[in-house]
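Below: one structure in structure tokens.
As written, the chain order gives the labels A, B and C, with residue 1 at the start of each chain.
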Amino acid sequence: MGFAAFMAPLYYASILSLLSVGITLSYMTTKVFNFAHVRYATVAAYFAAATMLTLIVHHHITLNAATRTIGGIQYIMPLPGWIYVVGFVVASIVGGLVSIFLYYAILKPLERKGLPPLALMISTLGFDFLLVAFLFIFMSEKPIINLAAKASSIIGTVNFASLGLDFTDAYIRIGNTMVRGSVLGALVLAVVTTIVLTFLTRKTKLGIMMRSSIENPNLALVLGVNVDRVFAIAWFLAGLIAGMAGFLLLFGTSFLKFISPTSPYNSIVVSVFAGSIVGGIFNVEGSIGGGFLIGLIEKWFVPWLAAVLSMPSLIKYNKVFSMFAVALTLLFIPEGLASIRFSKFRKKKGGGEA
Amino acid sequence: MTNFVILAEQILSFIGIYYIVSIGLNLKAGHMGIPDFGHAMFFAMGGIVVGNIVSHLAAAVAAKSIPGVTVAGVIASNTKTLTIMNRQFFPHHPFLDIGLIILALILSTLLGGFLGWIASLPALRLRGEFLAILLLTVAEGLRVIFTYTKSLMGSTPTVGLSTPALFSWTHNSGVAATVFTIIMALIVYAFVERLHNSPAGRLFRAARDDEDATEALGKNVVTVRRDAMIIGSALAGIAGTVYALNPFLGGGSVAAVSIFNRVWWTFWPWALIILGGMASNKGTGLATIIVGVSLIWPVRLYSFKVAQLLHASALGINPDQFANALEYAFIGLIILIVQASLPRGIIPEPPSRTLPFEKYAKGRILPPESKKK
Amino acid sequence: MTLNDNVVLKLENINAGYGKFHVLFDMNLEVPKGKITVLVGPNGAGKTTTLNTIFGLATIHSGKVYYRNKDITKVPAHQRAKMGMAYTLQLFNIFSSLTVKENLVLATYDIPESEAKKRMEEVFQLFPRLKERLFQKAGTLSGGERQMLAISISLVRKPELMLLDEPTAGLAPKLAKEVFQAIRQLGDQGYTIILAEQNAKGALETGDEAVLIASGRIVAKGKASELLERKDLAKMYLGLI
């Protein structure tokens, strides 16, 4: 099988792992499952799209579909590079800010009132609904509708009610295949996130403070760690990574789904939780692996199984496999795959099949 | 006038159905402390009983006398078969219809309870948020199975199955369905109030508040949790049946996207029980009434007009999306405001009523020592 | 407001508690420099709350806390740690899933590495047993060793004011004695210590100054040795006779 067949599964798996890690980061610190987390990606995608389209309209940039070569590598980049960079930065910052807003404006005050973790989890649900409401209003604002109309006349159909910027995705030639920029970007981002977070949590002062705050918040406080701020940083990071995933969602709608206030949230939120739990809710690297694993199961293993068993309808039932993965993990290895100690081969779970 | 009647019917139907489904969740989450985030799947069982099983049974009877109706046709050509039956069969067989309604209620109780029993198996091992996530995932898995299995939910997930019009024998089936919905809600209310003050209800709350102490008193917490899960889920199943039989909320069909909808049947009930007060049956009722009236009357009815009003101004909001946004904002704000200002709800959990002391002292029930005197 | 140079910490008319709960009433207290001040009193008297108030972990309803000539009533807890206070909690006072060494490394996260190493060596001189257990998980230590580690976590930060909450709770008499001896040694080295103790006899024998707290109020103050002699108080509050 060529690389092309792996594009959609790899993209999906990387997106899931980028989102799962945030669920784990926020759960580890505050012991709250964040229902709004996946929505950060949607919010970030909307803001990134609005920013990029504004720049396109303002500078009157047209799409450049020509295949170009740099250093012997062929690539297609429909928009100037800096627009992608701006979109990426906007998406990640918006994701981070939304997350930190939830932490400081809602979770902290409610926690101080003495609400238990379960009630806090429901409050994240409440915040999530407010985000949806905000997005519904945002996308139907006159400036945004005007923006979409202007952008459509320059680069082709743009519609904020079912947003997708697939036609502005970049390509790069690897071997014989033109690889989608969103696929490569998602994959690279998942790997970079793993490395950066591993370094951050194990080697830096912030990481030490974070680990001590998670292990024993009171003792960390007594040792002079500003536990609230450390947790807020963890939440910000979680939102930042979700925002990056949101940026990538814009270009991967042919793999996943168009973007609307409720999409792709409704179809992936359970898989994201599944990735986080299967990989290990107390382990950052584990959750990245877990998200990847769930992604590969849903988009690669199940179709493969369907082909082998010649039962094409099986593909539609892929979420059932995630359900079983979560059930089995929670019931038998509650701390996830990362908690298993492989005495002979110390190998990270997930990604092994790729 | 007719507009007013329809509005009243809509509001009452909303209140009745949401009361039953929320009280089922309240029994699990409020009384027993099981954070069920998969409540929609139990609700869906009730919808499936009506849309699938009852239609099949009715078709088996109707096939003998009505041309064009076959048992296989219920799934294969669902809309056509059900339209024929709704026009030519159900209006003329009132006793069969009533029998089918009762049968549907019994079946949905059993099916909801059975699924609740299965779901209680992991509920005995897991606690807190983990259980919530597991139940959420299981509900999603079940939704996927039902969505794509033709023999269960018909060929298209969004259209689903038409429901039999079991109230078509009455003069005004809308009024009849509304009255039926309200009666069911009242029966459920009487049941949970009784349960609340019964030894079983006290045991639920005792096990919720302190498992170890309850175990130490010789009660098996595992069975208590299982019972709460079964009863709560069975109530959700009943709510699903009532919903499927109701023309205002159900709209004459059940589809996987509507009956398994986690926003409608899991998160809304959560918002309602938080608003009403956990483990408070009256509170849930009041919350359902407040939300039912304000959602259907001002929010749904006028949001479109408000949006049009705003649309005329510089804002330029799409009315449809504005209505949608308002509903989401409404539920989100309810959750957050209630949690911030009245964490125990509008009617906090009442203390359970025990035997009045005077009765006790008068010696109707005497403790063993005093009898000896 | 300036404090006498010999006074490290001062509580002035403190009314404090947790949220709406009122625990401490009109408390006035001065902690002399380089001395061990012992807080004794029956269960639930407010000893731990006094320490929490000093460290900013309780709610202060009224009154002021002064530390080194500064009003710190409103300073958050984590900043008080940076100002040279250290607090050894009564429970969960070590990172039990980490090794002894990692515990000490965590405690010195804001101190340069070479300095941290030097301080650790000093701590090991006081508690040689910890050095033997360096790579053992803290959760597997015995009760006495845990308390030693907990005190060490404070000690490596070279605090100007050490708060110790019941360091001998749940220890066998022999171990308790060892811990008291170590605290006395610290006092002799010039550390300023506030020691809250249930074990009144051991604490009063160890300390310099003593404060007797009952029902959230200070009942008696004085030299530790004198308080030990007061038969009436000993009988009424401390159960010594």
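What we mean here is this: a residue touches a chain if its C-beta (ideal position, glycine included) is under 8 Å from a C-beta of that chain, and two chains touch if they have at least 3 such contacts.
No experiment lies behind these values; they were computed from the predicted model shown.
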*Looking at which chains touch, is this a line, ring, star, complete or other?*
line
*Quick check: more C-beta contact pairs in A-B or A-C?*
A-B
*Quick one: most central chain, C-alpha centroids?*
A
*Compute the distance, rounded to whole Å, between the mean C-alpha positions of chain B and chain C.*
56
*Find the geometric centre of each of chain A and chain B from their Cα atoms only, then give the gap between the two centres in Å, rounded to an integer.*
34
*Find the geometric centre of each of chain A and chain C from their Cα atoms only, then give the gap between the two centres in Å, rounded to an integer.*
46
*Touching chain A in the complex: which residues of chain B?*
35, 122, 125-126, 128-130, 132-134, 136-138, 140-141, 144-145, 147-148, 267, 270-271, 274, 314-318, 321-322, 324-329, 331-336, 339-340, 343
*Which of the residues in chain A come into contact with chain B in the complex?*
31-33, 106, 109-110, 113, 115, 117-119, 121-123, 125-130, 132-137, 139-142, 145, 161, 270, 273-274, 277, 313, 316-320, 322-324, 326-327, 330-331, 334
_Taking the touch rule as given, give the residues of chain A at its contact with chain C in the complex, in rising order._
205, 208-209, 211-212, 215-216, 218-219, 221-227
*asked:* Per the contact definition, I'd like the list of chain C residues that touch chain A in the complex.
replied: 55, 57, 76-82, 86-87, 89, 92-95, 97-98, 105-107, 109-110, 153, 157
